[in-house]
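The same subunit A turns up in both complexes below, where it pairs with subunit B and then with subunit C.
Let's turn to the complex of A and B:
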């Protein structure tokens, strides 16, 4: 029992990080029909921004993390939208998808050439100590990661539902034409979603890199996990992406422990196929029908 | 028109004559190695070690009076890419191939070097690499058939372990090590209470560490590649896995220590090669490497470095730069530092390409590998 509880907590901690990346998928899709296949690389890269600030510029860790988030917002949020999304979206969804795939490759190879092909150590945000909960030894770091990720998600939900800007963003997501008629600055709202996506990706990067170590290839696994989480949870609902992320994290850990580490990566993919076949709207998503 | 034809012919001649196959005035040693992918750490160490040795050899007049050329090709830690790279390298008629390190890549390519009768001096440690009858494969470090008995002895006598949990990486290197250590543990009546397979490139070891905690073994034997070793040790510390963690050379390597940080402290094991060895020539190599590349090399830097000196010593023994003669000269050869200082420690190769030399027991203390005991050569 203690083993299962430890596995679930560890899975939730990793799953919460997947959820941060998966939320970005859903936000961009809802507001701008952007499927960002470079999302994994968006999670990989901020750790390198922090490493550059820390190791090359000599900044303290906390300041380097802050720099990483700000640079991510600038490059992976604003510049990404202005240089890649805006020109390509006019050509349709498919060219944009191909562009994001190309961008992902560029970021991956760029990180390798610019920094290193080798994994880099990345400091833990929380001390690696254990605490006892109901007689079960749990990692303080895992609980800290889980709490931070959940706090960020809760803050985002509050922002979207309780603030004027958040509601305008939701209106933009639901129907941009009507939102524009009602005076919502749609373009600015779309830009905000890109900024939020970049900030969430940066948070995910800072939380996952101590576990994975910072490496140019981290985006491959993270992008896939986040994509599966978004589909399983429901591509058109933020809360679906959260549920999907947590579910994928827990299933991944349980599969590693009780099926095999060799097959662990296939288990979320099997889950993805099952959802596409039997519940295409995802766990918490809503059905969408489009005329063709 | 005539001029154009002449120019084309001249250009073609220049391309052909300029290709390495016709570079008669040099000793071509292609470095086919892991420069990206999961093996980037080990491959870059090897490549830099080769560079350092080649520069020294060339500065001292080369091998049999000819300069050494060491073009490097990245295998991307992919056996298929490694095989294709070696096939292309063999077309250029090299004197020897240096690499790869990953046993799977060596296994995928060793038939090519055997068919071409070109010595392949490699870093693979899977036990069966030298048991396949190739007369052209040579180790730079111990195979698992040599290192695992030493480790099993240490687990029995040093750690007094009666039960051991084994965690290994599911590739040729890991499976070979796992099979070898379990055989040795069984023969010493040490119980294997957990036998966990992990994947190459695995990023998250939370589930594995939780399983190991439940196994409650007297010691944990860890046989993973560099980055995975570091991730495992970090996760083990995070989750409070308070068991002696024992491994082979890789686990105590400098890169693992750098990546794992505090989590590497207390790790113990057998080390075939290390720049922390209490041997002045080896330590001097470590200083030269550090000065040139700005980091402390791991054992793969040493392996790459001595590979060039193996070719030099064998070519000088054979008296010619003929690949077949160099391979024949390496079989049964003992190279001593007083005759070839670059070999650093006396080493011998048997008729299968297996290496024999002294080795060490070590422990990581305060982020540094500390040698606790020197073990003699198996055959003196």
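Let's turn to the complex of A and C:
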């Protein structure tokens, strides 16, 4: 029992990180029909920004994290939208999807060539210690990760629901045509979405890299987990992405412990197939109606 | 014309290679209800989009209150005093009724008066006031239409473009929506209306505008249009003249 609890908490911690990436995924899809297949690399890369700031430029850890978030917002948010998404989306959704796949490859190989092909140790934000709660050994660092991720998600939800800008973003996501008719600056709202996505990816990167180590190929698993989390939760729902992320995290942790670590990578895929077959709208999603 | 609020002058526009508006010319009178009728594909909704800046024109001009507003963005049209209630469901289903309403005032420069405006609007629509804090998706189809109309009115527009408000509504709800439009006319608001339910719409309208193939066929008082034998023929698909 105690073991299961430990595994579930560890799963929730990684799941909350997947959720961060999955939320960005759904936000981009909702506001700009961008399916970002480089999302995994977007989570891989910010850790390297921090490593560069720390190891090459000699900055302190906290400052390097801040730099990583800001550089991510600039490059993975604004530059990504202006240079990749805006020109490609005019050609249709498929060319954009293919471009994001190419971008993912570029970022992966770039991290390998410019930094290192080896997995890099990354400092823990919280001390990597075990604490005992009612006889259950819990990792302080995992609890810290879980709390930070949940706090970020809660802050995002508050922003989206309690501020006028947040509601204009929601309006843009739910019905861009009507939002434009009401005078919502739709283009600016879409830019905010890209900035938020980049910031979430950077947060996810800083939280997951101590656990997985920073490695150029991390994006493969992270991107898949985020993609599956978004689908499982219901592609058009932020709440769904949270639920999906947590679910994927817990299930892949349990599978790694009770089935085999080798199968860890396949769990999200199995989950994906099951959901596509039996509940294509996802846990919390609504069916999308499209006028033809 | 001195009492004209909106003029279309030889407007040409469409989607891709398809031309929908083919030199549409008309003049809409201030403070009146004008109903636009015409067979499917005549360009009624496209005309509204063109007026509201959602469709770039290939040629022609649009004048609002004597000012050239050709090429204006929707935001500029809102600022000029025009609001547009498109066909179909146009609410934000996952936001509350109140927040849906508030979004009608995004274009308002001074946001400090917003709570009062929303409160006043809710007073005028008791059904919406009752559900102000529920998700908009919980409203019935008719209530959603009322919400759209209320949202459009938040900026005190001078001209309302409203496209097929009665679609999918119960007869009682249609009466309610039409009643609101009549009340607005009483306050001097100009209403340009597209309605499939032409007979009922023309009954409350002052003027009618018949479009066919993107051109104005008939412009007259609503009473004269109702009595015009050619109208029935047009809707039976005969057309006013051989096509092509």
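The rule is simple: the second predicted complex is superposed on the first by the 290 of 292 C-alpha atoms of A that agree within 3 Å, B and C clash if a C-alpha of one lies under 4 Å from a C-alpha of the other, contacts with A are read in each partner's own complex, and residues count from 1 in each chain.
Everything that follows uses one rule, which is that a residue touches a chain if its C-beta (ideal position, glycine included) is under 8 Å from a C-beta of that chain, and two chains touch if they have at least 3 such contacts.
Please read all numbers here as calculations on a predicted model, not as lab measurements.
Visitor: Following the superposition defined at the top, how do subunit B and subunit C come out on subunit A, clash or fit?
Guide: fit
Visitor: Tell me which partner A:260 touches in the superposition: subunit B (first), subunit C (second), both or neither.
Guide: The first partner, subunit B, only.
Visitor: For A:125, is the partner it touches subunit B (first), subunit C (second), both, or none of the two (neither)?
Guide: A:125 contacts neither subunit B nor subunit C.
Visitor: Taking the superposition as given, does A:184 touch the first partner, subunit B, the second, subunit C, both, or neither?
Guide: So A:184 only meets subunit C here.
Visitor: Given the touch rule stated above, what does A:139 touch, subunit B (first), subunit C (second), both, or neither?
Guide: In the superposition, A:139 contacts subunit B only.
Visitor: State whether subunit B or subunit C is in contact with more residues of subunit A in the superposed arrangement.
Guide: So, of the two partners, B touches more residues of subunit A.
Visitor: In the overlay, answer first, second, both or neither for which of subunit B and subunit C A:14 touches.
Guide: first
Visitor: After the superposition on A, what does A:150 contact: first (subunit B), second (subunit C), both or neither?
Guide: Touch status of A:150: no partner.
Visitor: Kindly classify A:171 by the partners it touches after superposition: subunit B alone (first), subunit C alone (second), both, or neither?
Guide: second
Visitor: If you take every C-alpha pair with one atom in subunit B and one in subunit C, what is the shortest distance in Å after superposing?
Guide: So the smallest C-alpha to C-alpha spacing between these two chains is 37 Å.
Visitor: Which subunit A residues contact subunit B in one complex and subunit C in the other?
Guide: In the superposed arrangement, which is not itself an observed complex, subunit A uses no residue for both subunit B and subunit C.
Visitor: Which of the residues in subunit C come into contact with subunit A in the complex?
Guide: That would be residues 52, 54, 74-75, 78, 84, 86, 90-95, 99, 102-104, 106-107, 111, 151 of subunit C.
Visitor: Subunit B touches which residues of subunit A in the complex?
Guide: Going through subunit A, the ones touching subunit B are 3, 6-7, 10-11, 13-14, 112, 116-121, 124, 128-130, 137, 139, 141-142, 210-213, 215, 217-218, 221, 252-254, 256-257, 260-262, 264-265.
Visitor: List the residues on subunit A that touch subunit C in their complex, please.
Guide: 164, 167-168, 170-171, 174-175, 177-185
Visitor: If you look only at subunit B, which of its residues touch subunit A in the complex?
Guide: For subunit B paired with subunit A, touching residues are 35-37, 40-41, 44, 170, 196-199, 201-204, 206-208, 210-211, 213-214, 227, 230-231, 234-235, 237-240, 255, 258-261, 263.
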